Structure formats: structure tokens, C-alpha cells
Amino acid sequence: MEVGFLGLGIMGKAMSLNLLKHGFKVTVWNRTLSKCDELVEHGASVCESPAQVIKKCKYTIAMLSDPCAALSVVFDKDGVLDQICDGKGYIDMSTVDAETSLKINEAITGKGGRFVEGPVSGSKKPAEDGQLIILAAGDKALFEESIPAFDVLGKKSFFLGQVGNGAKMKLIVNMIMGSMMNAFSEGLVLADKSGLSSDTLLDILDLGAMTNPMFKGKGPSMNKSSYPPAFPLKHQQKDMRLALALGDENAVSMPVAAAANEAFKKARSLGLGDLDFSAVIEAVKFSRE
Amino acid sequence: MEVGFLGLGIMGKAMSLNLLKHGFKVTVWNRTLSKCDELVEHGASVCESPAQVIKKCKYTIAMLSDPCAALSVVFDKDGVLDQICDGKGYIDMSTVDAETSLKINEAITGKGGRFVEGPVSGSKKPAEDGQLIILAAGDKALFEESIPAFDVLGKKSFFLGQVGNGAKMKLIVNMIMGSMMNAFSEGLVLADKSGLSSDTLLDILDLGAMTNPMFKGKGPSMNKSSYPPAFPLKHQQKDMRLALALGDENAVSMPVAAAANEAFKKARSLGLGDLDFSAVIEAVKFSRE
Amino acid sequence: MEVGFLGLGIMGKAMSLNLLKHGFKVTVWNRTLSKCDELVEHGASVCESPAQVIKKCKYTIAMLSDPCAALSVVFDKDGVLDQICDGKGYIDMSTVDAETSLKINEAITGKGGRFVEGPVSGSKKPAEDGQLIILAAGDKALFEESIPAFDVLGKKSFFLGQVGNGAKMKLIVNMIMGSMMNAFSEGLVLADKSGLSSDTLLDILDLGAMTNPMFKGKGPSMNKSSYPPAFPLKHQQKDMRLALALGDENAVSMPVAAAANEAFKKARSLGLGDLDFSAVIEAVKFSRE
Amino acid sequence: MEVGFLGLGIMGKAMSLNLLKHGFKVTVWNRTLSKCDELVEHGASVCESPAQVIKKCKYTIAMLSDPCAALSVVFDKDGVLDQICDGKGYIDMSTVDAETSLKINEAITGKGGRFVEGPVSGSKKPAEDGQLIILAAGDKALFEESIPAFDVLGKKSFFLGQVGNGAKMKLIVNMIMGSMMNAFSEGLVLADKSGLSSDTLLDILDLGAMTNPMFKGKGPSMNKSSYPPAFPLKHQQKDMRLALALGDENAVSMPVAAAANEAFKKARSLGLGDLDFSAVIEAVKFSRE
């Protein structure tokens, strides 16, 4: 199977390498073209613009850094729109909001192309290991044709219906994550201030019905006040804001997520926005006594 | 090793059976004495009062239904205090508040006895399987002498320092649980009202860093609006109230737990107090549109 | 002094009548032109388009129903932009968001015109009585030249600096109002459910340091579950959302406003969006016991 | 009319002076007897114990500093209980919890005496001016007989039914006050961080439907970060905790009060407990950016 691949950042590079390793013929493009070199060593072809990749390949996957980059690759000169046409499929796996997805979808399908959004859950390590979770939505037939690629990239792919649903589902997952992180933080601080060991609390949680990889992974470093940014706090807060906006749209009252969001905002005001989102515990801890 | 055992409710019966199966000599007492019969069939001896059990055994474990029962067994006529004395150990594994534990501790040690509080995390099934988590505190030497019994009853026992710490640690664990349950409920409802499948959300959560036995165990029934009471909502709310009071004492501000507590109160006002605590999702769901 | 006046809804009609009564020469326009008749009886001239009003008058005031109407009057064919030019002043007193104000400001000043935004606090009655509070921002000189008109329309006008500040200040005032309304609602319900008279609570509040016209005005009807819409709940909730977004922008954590916002969302989900915002008390009241 | 008066602190002294000025014959007692001297100059008699005051007077008013003092004056040796009997009335105007009131009521009525609790709203100045608000409950006949005294001490007295209701009503009033103070604080901080003047916000609020003596009285000093303690923050937080507990008892969910309570707790953890409760704004303000 031959696929195009646009965007060779941390995620895109790992993903396109995986495709190459599993026997896909891959044609890559990246804004900084030199980044394509390593992929070429592993057998990839290179094109000089998104348009050329689309022209060459029936299926093209994109993994861009943000909504702005995702739009630019499609709409700019020599972009995807230049060459997209009947029979071609475009699969954007970048993390973007529903509105951006809908805009891209409209443009692509307006030219006869087919579109799937496929944001992923998981970061660098799962990308390298082909263990991403793919939250796809849009053109059902294209989704099914993409399964061989998805099976290489992720451990599981979901088809969620109309375009925008992938983005929404990801927001909801992240909202639960943000509230859970606050629940966890409050518990750790309460243990500590009550004269109990927050390390022992980790051990106890680990043995019970709430044990989960996030508590296990982040707890020990939180107890050491260390927050190397895996998922920056300001991005977590942005996702909570967007999830709350989704709730607003649908008249769903979510007081716990709202309280968690305000805690993340307090953490931002304490200058912690670029640290890992687990740094929200600092907003709980903060006191002068 | 010979132990006394006071209280043969669901938990106490399972625990004393486990001790018998592992070769302990067990002398039991229960307020309704007929409940002792099944234990006798498995080799237990019976006494007619807590006092007699204490008199006969060097170590006595209690597993009573609530603080009131825990106090009554100690302070009433023919109770534990009648016979407790130098060299005897009393291990109360009931779930009680720190204040009750401290009161019992004072009375026992005032008569020369030794005391360990040991509330457990886990309910019927883990009790039967000897898979409880034991949160012990009090007399360190007695704790160490009790380890052979704790090893039969639980998969892990923790020694948490002074009397009251066991009760406090349990409250903190339950507070995290209550906030997590709200985070989970809000996410499930948001998915549903946004046109996404809440069953698919369960599948996605299950594959990611937040996967945990509680979400897996409760999620499917919550999506079916079924809440058979494993841990009644009103008890969960009481624990959140007490955990917040502990935070009040130590000046720890916990806005997410406070919001979760108010959601549980709303659920109580909707008449859901006797259902499982996962029924809090009904308070999130409730709408007329 | 001669002024143009665009928009003769409930507010605009009352305001332009006041100007006429105080000796201003007023030229009016309204989308439905027949609405101008009553003004003509009181001495107003009429034009057939916003452009003609601008052409005729050095100063033009607008009072439109929403951001959409405010934009349309400026940017549509025969709109304000057609005739705005050096020396002319445009004063938009509609309630719009900061972004809309900034867009209009840019267009007006781009053609050499001068712009003041002047949203008001107060509704029908204060408009009729010339007792509005005017939250102006933008061109300082134009503001000063407008004072004779503002003195007729309101009891007090504030100049708040750059365009957008009027809109922001209004959001903040409404946010405080929304949180206060929730504080009040929770107190009334708590009194009632605790066996106390919520009418007596009103009397007590009225005698103390918290007495205010809103509690006095809305309390008695809230105790009768009556919510004739003076300010619709859905608009109050929208303002809280926008105020929270303003806090998000500036990293201000506002947990009480966030909780109040979620209560208004719950009220919306109960179908109360079109009632007065005091109907949020129904979301507090709601129970099955 | 002749009355006894127990407790000559700031409040009690002002109140008993008012009674003397209005022609009451007053017999006073205070734990530190020397504090009675000033009252004697104004015509009061003195007794050496609460019991003697009760013996001498048909009606005795108490104004003690806290529940502990209120209980001690009744139950200690030579206390109220020693002499209370048929026909005598005891009116405790101290601020105590419902439980303390009920305990005192039971003891007094058990000996044939009559009891009214009458906590007041208002502090030093209203006490001096006879402008307190009296929240009375208990024995209706005694309340009515006390009206001549209440009319001197307060501008209005309410009879609220059974003992405990006075204490509850006061908690509810203070809960509303605490939530309002948070609403106000968030608005002031949001104005400031959004580049608007928080002093101008005060002026705008003062002209609108939310104008109230508390905002007018506290706002200017809050904008100067000055919090001389009129009502200490830690007492406000305690009252919010007790009001939330009252809500818990009656299954009333109050998310806004709960969020406000957590903000007061955060303020306590910042070391602000002894300042005025308006210092909660510091918890909102706090940031590092």
C-alpha cells in the first residue's frame, strides 16, 4: 500500500517510520525538508510540496503540530487543495478543534476528495511502538480503506461518525483526565497536611479499584515536586475550557470539571503553564502556613 | 495462633472463615449468637459476650458495622473493657471515624491493653478472597504480632502511625474515589449529550492511561442506568463530608472535592442515597430537554 | 444639538424620545420604518437608511438588539460605512462583545470617523427615566462632545479607556450579579428546607449590610416561583461564560463564578433559559424528596 | 421593667447601657467584676454570680463571647441553673450553634424556667445605637414579654419558632454574605487584571441594582489591600462550614457556597484567618505573574 505523509515532527516521524517498517511505500513531505533525510534512509520518497504528495498518492496522512499548521498545509499555495480530487483520500491525524476539522472537510469534499479526521490519544512512546489510540470520524469508506495503516500506527482505531466527533471525543477524554488529576492532587496534599505519607497513599491507591497508569506514572514525581512536561498544563487547561464549552453548547452542567478548570487557571497564574499538567498540585499545595 | 473475633456480618464472617481455613484457632462472638453456627461448623469456638472472648484470647479482632456498634462492644456491660488488661491486644478493623478510634484507644490503653485500628479497603469479595487492604495504626508491636492474621485477611497491610491515621487515610482514598466518580460521570453524560456513544468512551478510556478497575466495573452498568448498591451513595457522601472536614482542620482548600460533594448531595436530594455511589451520574444527567 | 439615532426597539425608542424632550433635533432610522412614526409625532425627522442618517448628522447614536444587528447596520449596503468620514462621530450603545466593538471601531476609524462604544447598565424603566449607567470607551474627544446627550440618557456616564473596555466592564458587572443571584438562591432554599421562612429571610436581609435593590425586587417573586423575564437566564449565562473567558485570557481563577455558571447551565437544561435569570433558584430547589 | 444582664464585653456593655438609658432597672454581672463599675456609674446594680442575678430578676439577658462561655454561665457552680425556676425567663443573645442553644433550653425548661435564644445581626456600632437585628426563637410568651427590651436593643426583632432556629437563620445570612463577598472579590480582581479600574467598578456597582452597604463599606479598603478585622475571616469560614453542614443535613446542594467556603479555606492557609473576611480577595488575587 502506498501512502503520503505530511509532517515529520516527533509524532509524524515515528509514525511514518512504522509504516515503512511494515512494508508501506511512503512519500513524505515536511516544511523543513531536511527532516525528510532520515526517512529517506529507511526507504521513503520525498516531495517538495503537499500538492505533489497528494498528486502522487491515493491516500495521504497528515500529522501537523496545531490547527494553524493543519489549515496552512491544506489551503496555502501548493497545498493539499491544489491536487485533491475524486478518488483521493486525506486523513488528518493532527489534534485540532472540531471547527478546523469541519473547515478542512468542506474544502476537501468540495473538490471531490474524501476526508477522515483521526486525532490520536497517546504521545511519543506509543507513537514509536504503534500503540496509539485513533479517534477517527468522517468518510466511512475511507476509514475502512485506511485500516491497514491504522493497524500499524495504533493498537485500536475507533470510527465515531461525522467529522468533528473525533475532536470532541478527545476533548472529553482529556476533561476526565484533568478532573482526575485534580482529585489525585487534592488527595495527595490532604494526606501530607494531615500528617500522613503521600508516598504510602500512592501504594494504597495502587492496590485498589482506582489504580491506573496515570497515578502510577505521575504520582512519584508529583510527590517530589517534579513536573517534566509530557502534556503541558496550559494545553490541558485549554482542553478543559473547550470541553466545558462543548458542555455549554449542549446544556450539560459539569461543576467538577469547572472547579478543576479554575484550579488549572490558578496554576497558570502561578507561572506553571509550561510544566506538566500534574503541576496543578502546586495550586492545591500553595499556602503560607 | 489463637484469636478472638467479634462481629460476624458479611465482612466479619468472611474474614473469620479465612482465619479458620488457614489454621487459626478462632473464638467468635456476634450480637445475634445464631450467626455463629456456621463458623462453629468450620471449627470455631463461641463465647457469649465480648468480655469472655477477651478473657479467653490474647488477641481479639473486631469487625463491627459502624462507630456506634464499635463503641457499644467496648463500653457496654460485658464488653471488651471488662476483661482487657496487660498483655492483651485489641484490633478493631471496623470503619469508624478517627474520634471513635481515639476514644476506644484511650479506654483500652487506660486498662493496660494494647490497641490497633485497622480499617480495610475492599468489600465482600476481597474479604472472602483474603485480598483486603489493611490501613493499620496504633500500637506498633501489636501490629507486628498481628501480621500473621493480616497476611491471611489482606493482600497488604500498612502501618500508618498513631491511632486515627487509619481512619484518615481511608477517608482520603474515598474522597479521591468520589471525585473520580464525578469526573467519570460528567464525561459519560457529556459524550452522550454531544452525540457520541458513551459505550465507545468506555472502550477508549479502557485503552489509555486512565484505565482502572472502577471505571471498567461500574461504567457499563452506569450506561444502563443501573446502580446496585456496592457502596451506598449516602455513605460515599458522608465520607466526602468527613474528608472535607479533615481538610478544613488542616486548612487545605479542595474545590474539586467540594464540588463533587455537592453533586452527591444533589443526588441524595433526588432520592438516590441508598443506591450505589455511581448513581451520582443521575444528578449530572438530570434535565428536562 | 443635532443627533442621528439608529434602532427604535424598546430601548432606542425610549432613549430617542428623551433626547427629543430635552430639545435635541433627532433624525431616526429603524429597519422597520413604520416604527419611526411615533417619533415623528414628537418632532423627529426620518431617513431611509443608516447611510443617510450619517450623512445628515455630525453625531449618530445606535441602539441595536445584538452584535449581528450592530455589524449589519455598519457594514451592509447603505450602512454607516458608506457615509462615515472625517469629523463625524458614531456612538454605539448596543450591548455587544469586545470583538464586535473592535471590528466596528476599526472600520469607522479606517474611514476617518470617530467611534465610542457605550453599552448601558439598566433596562426599559431606567431608559425611559433617563437613568441609565453608560459604560463608554474609545475616542475621548467624541465622548466629551457626547456628554450633553449622555446626560439626558443616563444618570452617570463613565469613560473607560480603549474600545472593548465598555463591553468588558459590563461583563464583569453581570458576572457579579450572576454569582450574587446564586448566593441568594442557595440561601432562600436552605432556609426553606431547614424549616425557616424564606419570606422572613428576605426581611432580615433587607435590614442588614447586604440589602440591595436586586434582592428586594426579585426575592418576593422568587419565593412565589415566579420569574417573568426582565433579563433572560440564557443571556445571564452567556455573560457569565464570556466573563469566565475573560478570566481565562488573563489567568484569573474564579471558582465561585464558575460554580454559578454551572448552576445557570443546569437551569438551562431544565428548560428555564427564557425565564428571568432569578429562575436559577429552581436548579437549587430541584429534588424528589 | 427590671432585667438582669450577664456579660459586659463590647456588645454586652453597649446593650446594658442602652437599657439603663431607656429607664430599665438593670442588674449586671461579669466574670471580671471590675468591668461592672462603669455600668454602676450609670445606675446599674451588681451581683457576684449569675445565680444571684437570676434570683433577683424575673428576666435575665445574657451576651457571652462564645458557646463555651454561654454553657459555663448556665451550668457552672453558682450559675443560672442554680436559681432558675418557674416564672423566670432567660434570654441568651450570644452567638452560639443550635446544639448549644438546645442544651441550654433543655436545662432551663427542665427546672421550670423559660428560654429564648436571640442571636443578633450587627456588631459594636449597631449595638451602641440600638440598631441590632434580633433573631429570636423559643418560648413565644417570653419573647413577647421581652419586646420592650428588644425594642431598645434593636431596630427589629423576629420570632422564628423553636429553639435553634435563631442560630440557623444567622448561619444562612452569613453564608449569603460569604458567597457575596467572593462574587465581589472575583469581580474586583477580574477588573484589575483586565486593565480596568477596580475603583471605577465600585462606582458602577454603587449606581446599579446590586448596590449594598457591604460593597460600599468594604470595597475601597479591599482595593487598598487593607483588611482591619470587623468580622474575622476564620469566623466567616466557620459559619460557612456550619451552613454547609445544615445543607448536608437537609440534602440541599449548594455548589456556590461550597466554592466560596474553599476560597475562605485557601485564605486561611495563606495566613489571613485573623484579618477581616474581605481578605478572601487575597486568595483570588494571588499569582506570580
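Labels for the chains are A, B, C and D, by order of writing; each one numbers its residues from 1.
Quick note on the criterion: a contact is a pair of C-beta atoms (placed from the backbone, for glycine too) under 8 Å apart; a residue touches a chain by one contact, two chains touch by 3 or more.
Here's who's who by UniProt: A, B, C, D = Glyoxylate/succinic semialdehyde reductase 1.
As the structure is a prediction and not an experimental result, all values here were calculated from the model.
Asks: Could you name all chains that are in contact with chain C and with chain D at the same time?
Replies: A, B
Asks: Pick out whichever of the two, B-D or B-C, is joined by more C-beta pairs in contact.
Replies: B-D
Asks: Rounded to the nearest 5 degrees, what is the angle of the rotation that puts chain A onto chain B, matching CA atoms?
Replies: 180
Asks: When the C-alpha atoms of chain B and chain D are each averaged to a single point, how far apart are the two points in Å?
Replies: Comparing mean C-alpha positions, chain D is 40 Å from chain B.
Asks: When the centre of a chain is set as the mean of its C-alpha atoms, what distance in Å lies between chain B and chain C?
Replies: Those two chain centres are 55 Å apart.
Asks: Identify all positions of chain B at which a residue touches two or more other chains, and write them in rising order.
Replies: 247, 251-255, 258-259, 262-263, 266, 269, 287, 289, in rising order.
Asks: For the complex, which residues does chain B have touching chain C?
Replies: Residues in contact with chain C: 255, 259, 266, 269-271, 286-289.
Asks: Which residues of chain A touch chain B in their complex?
Replies: Listed in rising order, the residues are 121-122, 133, 135, 155-156, 158, 160-161, 165, 168-169, 172-173, 175-177, 179-180, 182-184, 186-187, 189-191, 193-197, 200-201, 203-205, 207-214, 217, 243, 246-247, 249-260, 262-263, 284, 287, 289.
Asks: Within the complex, which stretch of chain D touches chain B?
Replies: Counting only chain D, the residues touching chain B are 237, 241, 245, 247-248, 251-255, 258-259, 261-263, 265-266, 268-269, 283.
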